[in-house]
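Here the structure is laid out as structure tokens; the discussion comes afterwards.
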Amino acid sequence: MSMNGDRPYTADEMMAVEASRRLTDDNVCFVGIGLPSLAANLARRTHAPGCTLVYESGTIGSKPARLPLSIGDGELAETADAVVSVPEMFAYWLQGRRIDVGFLGAAQIDRHGNLNSTVIGPYDAPSVRLPGGGGAPEIALGVDDVFVMLRQSKRTFVDELDFTTSLGDNVRVVVTDLGILEPRPSEDGTVELTLTSVHPGASADEARAATGWDLRVADDLAETEPPTENELTALRALETKGRS
Amino acid sequence: MSMNGDRPYTADEMMAVEASRRLTDDNVCFVGIGLPSLAANLARRTHAPGCTLVYESGTIGSKPARLPLSIGDGELAETADAVVSVPEMFAYWLQGRRIDVGFLGAAQIDRHGNLNSTVIGPYDAPSVRLPGGGGAPEIALGVDDVFVMLRQSKRTFVDELDFTTSLGDNVRVVVTDLGILEPRPSEDGTVELTLTSVHPGASADEARAATGWDLRVADDLAETEPPTENELTALRALETKGRS
Amino acid sequence: MIVPLSDAVAEHVHDGDVVALEGFTHLIPSAAGHELIRQERRDLTLVRMTPDVVYDQLIGMGCARKLVFSWGGNPGVGSLHRLRDAVEKGWPQPLELEEHSHAGMAAAYAAGAANLPFGVLRGYRGGDLPARTRVATVVCPFTGEELAAVPAHRPDVGVIHAQQADRRGNVQLWGIAGVQKETVLASKRSIVTVEEIVDELEPRPDAVVLPAWVISAVCVAPRGAHPSYAAGYYDRDNEFYVAWDTVSRDRETFLAWMQRHVLDTADVDGYHASLVAEETTAA
Amino acid sequence: MIVPLSDAVAEHVHDGDVVALEGFTHLIPSAAGHELIRQERRDLTLVRMTPDVVYDQLIGMGCARKLVFSWGGNPGVGSLHRLRDAVEKGWPQPLELEEHSHAGMAAAYAAGAANLPFGVLRGYRGGDLPARTRVATVVCPFTGEELAAVPAHRPDVGVIHAQQADRRGNVQLWGIAGVQKETVLASKRSIVTVEEIVDELEPRPDAVVLPAWVISAVCVAPRGAHPSYAAGYYDRDNEFYVAWDTVSRDRETFLAWMQRHVLDTADVDGYHASLVAEETTAA
């Protein structure tokens, strides 16, 4: 985890905090492992205690005391309101449109929020075989709002994906280590991911330099609110709480 | 329950005993309420203790101490190996061909074992609206062997059904209050239900008189073995055991 | 979230709605059905795999225009006389039937819960039912095999009865669970009546838990599944099912019974008090 | 019914079979996978939603011709190096991929369990995957809507791990249940490894019970889900997943590790003893 200049929090912490802020008390949220899980659990410990966490392993309403290490962590089942089978999770709950927010990560993203988590290089002869889409293709279209969390670099923010794993139609925000991208219509009417906020210490130029396409910057570019003391305390309590 | 001449058992008891004899230790058996349930539970208490009872309410491997009064009786769930939802029961277990024997009753049967439990009279203007098929249409084709239990009369054993609710393709035996009918090929090659056994005290003529088509009688017509002492004792223990 | 049953019915069930009150021999939402009768809902399309006494009551009281079902009888007793009277003689009004098999109904609920427009099954093969109901054929794009398709159930309102809810409105039922989960998830709105509210839902074997956020209203209705049973709370009232055969056979007897026990009572407690009073008088 | 794992694998798993060893982060049937490696099964088509360490081992040891999957990684750690090596460089042999989404895999298992030739879902819309996998379109005969169809999974052998079986071979697992019920019911034959045999299966919350008569063989394999966990028995060995990244990165290191811990051990007890021995030596 890289330090963030002389700021008292890391880039990952900024990402998790900013993503957590976008969750509300009423959200039912499909969560993956890593930063999304950190963000969603942080929301539950700060401003959105009623936010419901759903993991694709079948746990509904999990309230983990510590951060899960896998999406099938025992803690998630033990603290859940309900545990259902994986076929039921995808059929009744995701496809049934019972979940409104989904977090996704990827190896590559394009300006439309399409994601690649399948291969780098040609599909039949990849230079890197990535793990694959997992739940992403149906999450991307089965929730109202997709939140993407992804560190920004020319390698990840690309002009053209090597493979389109999931579509960007419902991507509402991309939280990176440098700032926040949101879909905005441009003069020519096309909608594309636009830098709407930079994190403290980062700049629009830095973000443009870390993007493989000509990144649009919003006229009303904001600076992200840094993590509050309260947010950082809650976040670190989650991170450091080990297995009992 | 009618008395059976001067024999020490009723016609229903003869039916239940004879049906129970056709179940084996290895059978997994879809059971309805009434005589089928009595027969299947009797088999478990006599020669086929390993016979597995499945009720369409979702109970698998029920071992009721007393005869259930409805297919959703609490006793069936409490004594089951597993309780599954009704959609799962029909999709994974019946359609999945995990069940080999099914019992059916009906208001009418024809010579091919087709059954009517829908209407008497025209469908749109019935003289009697019957309860309907329930699980029967898919049970009839989803198990290997269908056992029918039905009292014999010209009203029930008809030349032509008013409505075909389920098909007779897998009907292996019809146990009536007078005897046993089994599908047998005739000289002209067609297969139809043929009287292969009469119960003690009943005759082929009686059976023919209680049948709405020209009932074939097997050349090797047998007499049904009457209920043994052991069978009757087990049967009556089941019948009289009340709600605790 | 947790509201009186009369408020829930007033808010969520409208004339002309498609309503599924489900329960497979266990946890039948009778109290909710009675409230529909009290509030004189009309032109309902009633959906249920196994319509029994409470559907007989709804039909006899003129609430229903259409019934979508797979087995309509008085379990272990015989016919539903009000259902028969409506179908055979059009009293109190004609009842349109859409008839399925259990397998078809179950597939239709599961498809609805999964937000699919149709369910697929091996069923409706031969016999006279396919010509009389809504069923179609789909062809497997891989094997060429033909299968039956049924249109998904997507009721306007799904109504079930459960043992418990917690104070946030999360619901738990256990024992034979039928198609209740599917009914709630397939429906646009849903009402769950419960035996009681508890502080904490204790995890149990064979339990179905429905989170508050998939339910429109939770209502307390103790003994609300009568004459069916609620595992852990009370047994099936087998005598009632037998007695219903007599009550329901005659139109006037039926109407008088409904007047005394449903229309003249305010809620499920009043209903049960009226039954006890009658027993006492008769004794 | 209850037989040694080596006998079960010898009898039920043949070269060229389609084999699904399922477990969704919990109860992964690693001991059974190791036995496939010991018995040198070849040309297998391996099916699994989330192939992880034990699939990496099977692939690296040359057991697999094809992989049908939706997410193949080392959860929380990164890549599966043996899987990557097979796909990217054809070592030890090329690996054909049939890639799906989780939703598609789950629908395919459910269809298989239900004895249907295909599963229907809202999925595979847009993107590059549809052109690379087995998916087709079905049209709703009622609404005209187009949906995705996936061919049902019908493995020759389904393999899962559970906590308990009773002496008759009835199996109970609890906690996160993944697609294990569907895997057993979709498969022609099935092997279930369990932590222990008990006299009586005590009903539990969130339990899946599979009766003996849907299972081909039950085998005792204590700690047989390592490095995953078995709720109520042991925790996930998170360090192992991290360590696997190093072990699996290099072909020779991997082969030596497999020799020591799998090929040179007789069963799951030997496997665990060899791990303990190595730790002791290292310390």
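The first chain written gets the first letter, and so on, giving A, B, C and D; residue counts start at 1 in each chain.
We adopt the following convention: a contact is a pair of C-beta atoms (placed from the backbone, for glycine too) under 8 Å apart; a residue touches a chain by one contact, two chains touch by 3 or more.
Note that the structure is predicted; figures quoted are calculated from it, not measured.
Asker: Once the contact rule is applied, which chains count as partners of both chain A and chain D?
Answerer: For chain A paired with chain D, the chains in contact with each are C, in label order.
Asker: Name whichever of B-D and B-C has more C-beta pairs touching across its two chains.
Answerer: B-C
Asker: Please tell me the distance, in whole Å, between the geometric centres of chain A and chain B computed from their C-alpha atoms.
Answerer: That pair's centroid distance is 59 Å.
Asker: So the centre of each chain is just the mean of its C-alpha atoms; given that, what is the distance between chain B and chain C in Å?
Answerer: Spacing between the chain centres: roughly 28 Å.
Asker: Measure off the straight-line distance from the CA centroid of chain B to the CA centroid of chain D, and report it in whole Å.
Answerer: 42
Asker: Could you say which residues in chain D touch two or more other chains, in rising order?
Answerer: Residues 110, 115-116, 121-122, 181-182, 206 of chain D touch two or more partner chains.
Asker: Do you know which chain B residues sit against two or more other chains?
Answerer: 91, 95
Asker: Judged by the touch rule stated earlier, which pairs of chains are there in contact?
Answerer: Taking the chains two at a time, the touching pairs are A-C, A-D, B-C, B-D, C-D.
Asker: Can you list the residues on chain C that touch chain B in the complex?
Answerer: Result: residues 24-26, 49-50, 69-73, 75-76, 79-80, 83-84, 87-88, 99, 101-103, 106-107, 109-110, 121-129, 132, 175-179, 181-182, 206, 208, 228-229, 231, 235-236, 238 of chain C touch chain B.
Asker: Enumerate the contact residues on chain C facing chain A in the complex.
Answerer: 110, 113-116, 170, 181-182, 185, 201, 209-211, 213-214
Asker: Quick check: in the complex, which residue numbers of chain A touch chain D?
Answerer: Interface residues on the chain A side: 33-34, 56-59, 69-74, 76-78, 83, 85-87, 89-91, 94-95, 114, 118, 123, 125-138, 141-142, 163-167, 243.
Asker: Can you list the chain A residues touching chain C in their complex?
Answerer: Going by the criterion above, the answer is residues 26, 28, 52, 60-61, 81-82, 91-92, 95-98.
Asker: Quick check on the complex: what are the chain D residues that touch chain C?
Answerer: Counting only chain D, the residues touching chain C are 115-118, 120-122, 134, 136-138, 140-143, 145, 147, 149, 151, 203-207.
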